[in-house]
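First chain written, first letter: the chains are A, B, C and D, and each begins at residue 1.
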Amino acid sequence: MQVDRSRLEAFSDGVFAVAITLLALNLIVARPGRDDTLLHQLGTHWPVFVAYLISFFMIGIVWVNHHALVRGIAVVDRTLLFLNLVLLLFVVMIPWATATVANYLAAYLAPHGSYADRDTQIAMMLYGAVFLGMSLGFGAMFEWTLHGEHMYRRLPIDKRWAARARFVGGAVVYVIAIVIAQFYAVASFVIIALVAVYYVFERTPGAYQAPAGDAPADAGGPDGPDAS
Amino acid sequence: MQVDRSRLEAFSDGVFAVAITLLALNLIVARPGRDDTLLHQLGTHWPVFVAYLISFFMIGIVWVNHHALVRGIAVVDRTLLFLNLVLLLFVVMIPWATATVANYLAAYLAPHGSYADRDTQIAMMLYGAVFLGMSLGFGAMFEWTLHGEHMYRRLPIDKRWAARARFVGGAVVYVIAIVIAQFYAVASFVIIALVAVYYVFERTPGAYQAPAGDAPADAGGPDGPDAS
Amino acid sequence: MQVDRSRLEAFSDGVFAVAITLLALNLIVARPGRDDTLLHQLGTHWPVFVAYLISFFMIGIVWVNHHALVRGIAVVDRTLLFLNLVLLLFVVMIPWATATVANYLAAYLAPHGSYADRDTQIAMMLYGAVFLGMSLGFGAMFEWTLHGEHMYRRLPIDKRWAARARFVGGAVVYVIAIVIAQFYAVASFVIIALVAVYYVFERTPGAYQAPAGDAPADAGGPDGPDAS
Amino acid sequence: MQVDRSRLEAFSDGVFAVAITLLALNLIVARPGRDDTLLHQLGTHWPVFVAYLISFFMIGIVWVNHHALVRGIAVVDRTLLFLNLVLLLFVVMIPWATATVANYLAAYLAPHGSYADRDTQIAMMLYGAVFLGMSLGFGAMFEWTLHGEHMYRRLPIDKRWAARARFVGGAVVYVIAIVIAQFYAVASFVIIALVAVYYVFERTPGAYQAPAGDAPADAGGPDGPDAS
């Protein structure tokens, strides 16, 4: 039975690893011979680096959560494989959405940028939409774990809404970011950045989450002692 | 014995993961400074996104089937490794074929597109041919599993034709799509898209296929109970 | 102990998988709007596709041999990790060497190509040199396995020269191809292609090689029965 | 418990493998039709190849050390996953920093290069800064292993400073290289190259390091006999 889950993990880990590494292809490779000095190029393109940071940790966080969710799965069926593909469909689009929003933001924020901000708003909406899709894909996988005998140990009913709140919370913030992007692209970008910061530092012990501090992440997992 | 199969799986999973992620490199990274607005660029290039979706799920489906087939293999020989390389040869070409067909379709379908449709037809034939090659490679691996003592449990004779019908069925549809592409590129593209949709939702319990619904995918696998 | 070998395998498999998939980035992505028709572009660039095929199977073959060699390793030390990095250093350069030789060969062989053939010869020498480096890296790993207590079972002395002959044989052919490339680039390309064809179909049972036919590849491996 | 560590390893190995392979995308793919001959192009771009070698072995060395450190980890918590992401954040930036420094160095060192050396100095500082970040990320993971019950066997107090000295030593050299880059870009490049050479040949038996020679790398690991 482990065989199935291990290949699901191996394939997903591969996609996460390639997507997170391709993010760096968006970084400008400044070349001598342009009019600009290197420092000026880096200065003008700072949104590219900020977007790289945000997207890197977003993919990293989804990987951590994917890992925590899949660890407890006892039975892999075709529905799960399909839901996992939907999640990965959006993960794979992150480098593209990151490059798009970074390029438009850099042009928009440049000192003498004459670029129409409508395009920046749309690029920002795309960026939020990819994260929303990823969030919904992950939420669908979570719902799948609540049905039938899919898990080694089903999440108790009273803990489900707390767990859902975390996923739904993320999705709601992405929807808000998409709506705000219609009016203020930069504000929307800041919201997405704050989501990334929040998830990195968030340590609420929750369903499928490791307790804070030094406690083992796999408490509650199929191989460890049950802490829940 | 597991060692051999596990490296076959690890290498193949790596190739599947990289190929599926490289698909996103085909997505246009709209840059400010072009004449077009971002929305117009996205609108003109919609076939790029449709082709991305189709190819993403095609690779995903082959990964699922590869996983189901390889799971039951007891003995890895050089013939299998070679057949697996043939399968991967075509998988690796999918991002290229996808980019080619998407670019020509986008030019062909653009409002004032003046592009010769002969090229679009040929690009579509290439796209179908890569899927045909992938299908034949997979079929060859399946035939290999029927001989000698390669599997933990050989597929019963009476189930072989049903299993073959599924593989051969796909190959026949790809041949039809290639022939139609000679005359109607768009119709051929729709056929390939329908194949992808069919395989995603198809749930016929079959050889090496998980039963529908909540039943485990690994029923019948070497590590699980035998459901066949 | 398995832990060490398994990470060596996982990292190497990842590098092999990425390198083999990046080969496809060399395939031309014909775009509408060029002067050429698609068919003409494909026709002019046929060496790109031949070089793709050769390099794909070359990487595939090295992966198979790497897998066969590493399978028997009991003890991983820093020397082995370093030799493995040297092997991978050349594997990673294959997509670049392939692209270089394919571009120059295509220009050289084009009907009205006016390109200086000296460059084609040098590109061909680079291509051969990368395979030679890969071959020497693999040979060094093989020599490592003969010393100390590195393997589960050391190769008997009387079989070593036969095994070496296979590695050294490949290296000698690459040296010949490099020398010939100085005068006839196309002849050198044909020789490299024949090496790839030879290794794909070669079935001599040898050290670390699976016997031909249906016999298991892992005979003689640490987990299987000893056939040697 | 192994499950957690194995996915941490799989994801990290994937990122290392993709990053090390993407390095080769920096190699120039000389194309016919430029003014230059191929030999001249290769001659002018030699810093590209030297930078490729340095960065390749730097990533390889970090992989070896990561592997040695993670092997002894008994308990994976969110802090470790986050620190690992920080390490990977810098690993993923190596291909970009390598390309940047190589391009500026090549322009700076070209016979008739008229390029302002200030940019080359800044590119060199970036290159050193990425290695410094990687070194600090690794150091943070090492410190994590000293606390609580994270490891199968905690490093004895008296060996900690020796182990730290190795990490801190690297970081100090990177700081020196960054400072020197302000004045002499080439000298800084040579220092980084010497660090790579040192780490490749360094064989001091140390904490989490395999003893030199034929002794097993996993001595002291959780699965092997304790040699420390």
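To be clear about the criterion, a contact is a pair of C-beta atoms (placed from the backbone, for glycine too) under 8 Å apart; a residue touches a chain by one contact, two chains touch by 3 or more.
Everything numeric in this text was worked out from a predicted model, so none of it was measured.
Where subunit B touches subunit C, the two copies mostly use different residue numbers: shared numbers make up under half of all numbers in play. Chain centres here are means of the Cα atoms, and by that rule the chain farthest away from subunit C is A. Taking CA atoms, the transformation carrying subunit A onto subunit B includes a rotation by 90°, reported to the nearest 5. Measuring from the averaged C-alpha position of subunit C to that of subunit D gives a distance of 26 Å. For this pair, subunit A with subunit C, the centres built from the Cα atoms lie 37 Å apart. Within subunit B, the positions touching two or more other chains are listed as 10, 13-14, 17-18, 22. By the touch rule above, subunit D contacts subunit A in their complex via residues 1-4, 7, 10-11, 13-15, 17-19, 22, 75-78, 81-82, 85, 88-89, 92-93, 95-96, 99-100, 103-104, 107-108, 115-116, 118-119, 122-123, 147-150. Put simply, subunit C touches subunit B in their complex at residues 9-10, 13-14, 16-18, 20-25, 27, 29-33, 37-39, 53, 56-57, 60, 63-64, 67, 71, 200, 203, 209-210, 212-218, 221-224.
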